[in-house]
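Chain naming follows the written order as A, B, C and D, and within any one chain the residues start at number 1.
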Amino acid sequence: MALKVGVIGTGMIGQDHIRRLTQVLSGVDVTAVTDIDATRAASAAPEGAEVFATPQDLIRSDNVDAIVICSWGPAHEEQLLDCIAAGKAVFCEKPLVTSEAAALKVMAAEVEFGKRLVQVGFMRRFDADYRRLKAVIDGNTLGAPLMYKSVHRNASVPEGLYTSEMPLNDTLVHDADISRWLLSDEISSVEVRVPRRSTRGTDLRDPVMVMLHMQSGAIVDVEISVNISYGYDIRGEVSCETGVAALPNRPATVISDQYGIRQAIPEDWRERFIEAYDQEFREWIVAAGQGGATGPSTWDGYAATLVADAALRAVDTGAREPITMIEKPEIYS
Amino acid sequence: MALKVGVIGTGMIGQDHIRRLTQVLSGVDVTAVTDIDATRAASAAPEGAEVFATPQDLIRSDNVDAIVICSWGPAHEEQLLDCIAAGKAVFCEKPLVTSEAAALKVMAAEVEFGKRLVQVGFMRRFDADYRRLKAVIDGNTLGAPLMYKSVHRNASVPEGLYTSEMPLNDTLVHDADISRWLLSDEISSVEVRVPRRSTRGTDLRDPVMVMLHMQSGAIVDVEISVNISYGYDIRGEVSCETGVAALPNRPATVISDQYGIRQAIPEDWRERFIEAYDQEFREWIVAAGQGGATGPSTWDGYAATLVADAALRAVDTGAREPITMIEKPEIYS
Amino acid sequence: MALKVGVIGTGMIGQDHIRRLTQVLSGVDVTAVTDIDATRAASAAPEGAEVFATPQDLIRSDNVDAIVICSWGPAHEEQLLDCIAAGKAVFCEKPLVTSEAAALKVMAAEVEFGKRLVQVGFMRRFDADYRRLKAVIDGNTLGAPLMYKSVHRNASVPEGLYTSEMPLNDTLVHDADISRWLLSDEISSVEVRVPRRSTRGTDLRDPVMVMLHMQSGAIVDVEISVNISYGYDIRGEVSCETGVAALPNRPATVISDQYGIRQAIPEDWRERFIEAYDQEFREWIVAAGQGGATGPSTWDGYAATLVADAALRAVDTGAREPITMIEKPEIYS
Amino acid sequence: MALKVGVIGTGMIGQDHIRRLTQVLSGVDVTAVTDIDATRAASAAPEGAEVFATPQDLIRSDNVDAIVICSWGPAHEEQLLDCIAAGKAVFCEKPLVTSEAAALKVMAAEVEFGKRLVQVGFMRRFDADYRRLKAVIDGNTLGAPLMYKSVHRNASVPEGLYTSEMPLNDTLVHDADISRWLLSDEISSVEVRVPRRSTRGTDLRDPVMVMLHMQSGAIVDVEISVNISYGYDIRGEVSCETGVAALPNRPATVISDQYGIRQAIPEDWRERFIEAYDQEFREWIVAAGQGGATGPSTWDGYAATLVADAALRAVDTGAREPITMIEKPEIYS
């Protein structure tokens, strides 16, 4: 029996997920869509799918087993609460919500429901390179992780649309989430340093360097460069007590020519993480089919909200901004 | 509408393809199975699939749109001819057939049918590393390909079961097929040289070195080692007029520890080519859904048969054994 | 005419330099040695070399054109001043001196003399890998350098002898000097962060993470691990506006075996930097033969003293400790 | 006491060796030079060196302890015999001699003298990468060597001056010598295959593929490309019973930019082997100072002559051309 999925929000990312769910993956049917723009919803709807006027109608439909939320961030809170009220599994794109208060509210509802229903779209956790890296650390052959270097380089951002807050509240959350996951740890405080500015981004605060202090004492050092021109280059290296483990080069052809011996670098996040997105939904389909969720949870979305808030404070104060989390509800352990 | 697939042969590879078709891929249902061992067929059949007594019954069933052949090689000829007679798309595992005469017969039938129905299981053509390599060569930025080094190293083979003919008629066909495909060329003659023997395989003729002379004059030099212990290591490097293009290391975590800075090597062909198998079937499902085939064809299976035969002759004669092909039917161009 | 060199201090490093000057390099003779331990001096003296009772006697000898100082740090100030008074070229091992006041005194004497006589033993500047890296940055094809990651990993340190100050006043100076040189910049302030402690060094503060804020605004981020067991691993990566340049792996044989595809990592600093030491002296011999010096100067030794002092303060305060330098004398520009 | 060296032949390579002996290395003086062009000899002579009218005069001079021969190949036989008659150590650039008969004659003279005096200029044996590779093989951790791939790629050759024989009698000798040395083996026969021709060299037979069959049965497969445009790229990979060992990339800066992640490739043999030449002479100076020789011997020059002859025959016959060596004199074991 295929999982009947309703998609809320049929913009670029929603359309891409509809393509994935209908053309790439098995065990799933997109039976319903909705969007604030009804025309867009209609044109994005796959054959046989019903177009709903509102997210609420879609969520409550008997023809919908599970929901994928691709609407804009401020709408997530209400939609998530509706899904939980309906007792339906839901995949929610980043950000989970846009405030700590909202995260706590969604978490409280899910805890009251009694088990996980929500999965958040931190797709890096489904990337094969990151998974192998985590397996090495968890295998503990190198001792405890003491430092982690996360490098997040983006070729370019749209001038004007991308603001100086975004490296911290939009880009950093990926590094923060993957750090928590790789190190099996929580972030206790955040520092931000602003190096010499790149001349490529005019007024943009770019690059930035962020330090995440983990509860274990491990320090994560993040380089975020959003206008580095040469490609989308994601790096990660964990320094442990007796060895180091790092993400490899991406598997591009090794060419020897007038430019040297070389391998291409991905152009953008689509190229880099396309398999991770597929895998993310592959595993969600299985979990949602059993009425639950897997991978990144409401708790992880809550943590991401806290770290983005703390980073924004830290860039203003120059200080080490603490993060205080509530006690972790049992359903997330 | 999902493609209704019948699987002939439910041994190890057949079971793996059933798993792939039912659990990994979309747009396909396994509706029928058969095996010479009826019990094995019954236990391998997914829920709802019919177990047929004979391949002929399965092929003719109205509930079967397309066929996957995983029986043993000597049975392929008749099963392929039945599929073509029924006008149904068929995926056939290697070897296509076991003699030149059989290959010609299947090809004649398919040509008479008027379009391709048969796809052969040379999965390397669906591997992302090989595809990127071919794209570089086809892009022609490095000039014409003049030499190709193909390295085929296998950790170990079952003593007794793996004979000295097998590197040439079982293993070599992968290197031969990928060489023809990468270089867009045909093999005109074959030489075999037998180096100092590895002491790991007792009586086995291992390693062997094969030279494939292509019609363009390009020379392919193949190293086949089947007992090299350290892993399953597939390499390929094309020397062109102004540059060189090679397969990269597999994307394993870069570890620095007491053994140096290092990346793991795949253990076996399953680990190395699992994504290629998935992709092979993904594309077959689309092509078969349109009543046709894609990728490696009967012509390619025919070429593989010829090269294996020539290599076996060459190891005996020590000479350069020519390969003569019939004129290429238009449906394969 | 070979340069006649007198060596002050014939401990381990002094003996190694005597070997280098007599057996490896051309254009130089070791004509004089001295040590606080006269017996050790006598046994280290190459054939024909005179053993002096005091550094002062050696420095003033007509049979000595230039001096190599390998005594312990606190003795350097007086010996350097004597060399300058004698108008003789002098190579001084790290540290130049042990206090800011001493550095200023030596610098004042050299400035009064009117040209450089002193070369300090920051051998990394003579390493081929670092030189190629600097050439890329200076070539400016990647835009301005914005961040530099310096990784300084040491296999082990002698328990008890190596104290928690030493990563900052002994080890860090190499990273600080190479950062100033690579980026053609000065350090304006220093921060130190102490991650989760390695269990390998018992009480030792290890690893440490240091941030060097450069006058240009570039940030250098230094990882110092002194007990990491797996080898002596020196890394450096410069993030520029449109690209990144990094030190390569050391040129070790690429082995594929049961541990993966791998390259050995140097065991210690001797193995890593032996050619750099040779080159350092090769160039010094030429410069000293002309009565001068090349490469790292008294100014660089002064900068190193300041950064070590600032780092030690920073680890206590947790704050960003500023560095204030005097105006750079013309002879160092 | 410095070794007094006389240099015969002051063309390009002779001048480079004079530079090396006078400016780079210690323990040696160039006291004498000679050339068929007396003016060239005079201008190449370092200060204080005597210019001799003939090689014979130079060889017999009391002011010459050891000789470096950089004249053209046909002159080597007589000069080597004169050196041996004088009982003086001699370094001879490639080729040792130009015929098997000449090699046997020089060998006979040296054997009669009773110990090695002659060292031949196969500088690759002094290259650090090759030495590490040999250490791995000799260490025997990977089992016996069964196959060796030697790749010899040259950016370009002067049109007209470089003939189709030269890849076999000039270029191949390096691969042949290094193969014998790496595998501690002798060549028993040679085959040559000529792939599709590069369009870059007009009439030149380029590339060529050579197989060297070793006495142990190991097969060496050599790719020689002399016009490949992108650089001077020397590769070597030994396939052993349980693993593989290969030369690494050269230690160039790792750059990430619009061309990918990349390392520069050497432009020519000077860049690639400059340190090997230095080391070759460093060790020769020590051996010659003791009246002997080290590294490649007359025996190795003899072997090189045989393989070049056999390769030239093989390209004409297309057959496997055997090599027959005399019994190895004891002084070469």
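The definition used in the following text is that a residue touches a chain if its C-beta (ideal position, glycine included) is under 8 Å from a C-beta of that chain, and two chains touch if they have at least 3 such contacts.
Here the structure is a predicted model, which is why all the values come from computation and not from measurement.
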Chain of greatest Cα-centre distance to subunit D: A
Chain pair among C-D, B-C or A-C whose interface repeats that of A-D, sharing over half of the contact pairs by residue number: B-C
Geometric centre distance via CA averages, subunit C-subunit B, whole Å: 58
Where subunit A and subunit B are represented by their mean Cα positions, the distance between them in whole Å: 38
Whole-Å separation of chain centres (CA-atom averages), subunit B against subunit D: 44
Multi-partner residues of subunit C (at least 2 other chains): 229-230, 233, 242-244, 249, 252, 255-258, 263
Category of the chain touch graph - line, ring, star, complete, other: complete
Of all residues in subunit A, those that touch subunit B in their complex: 22-28, 128-129, 132-133, 135-136, 141-142, 242-258, 263
Residues of subunit A that touch subunit D when the two form their complex: 229-231, 233, 249, 252, 255-265
For the subunit C and subunit A complex, residues of the former touching the latter: 143-144, 146-147, 149, 153, 193, 195-200, 207, 209, 211, 213-214, 216-219, 221, 223, 225, 228-230, 233, 239, 241-244
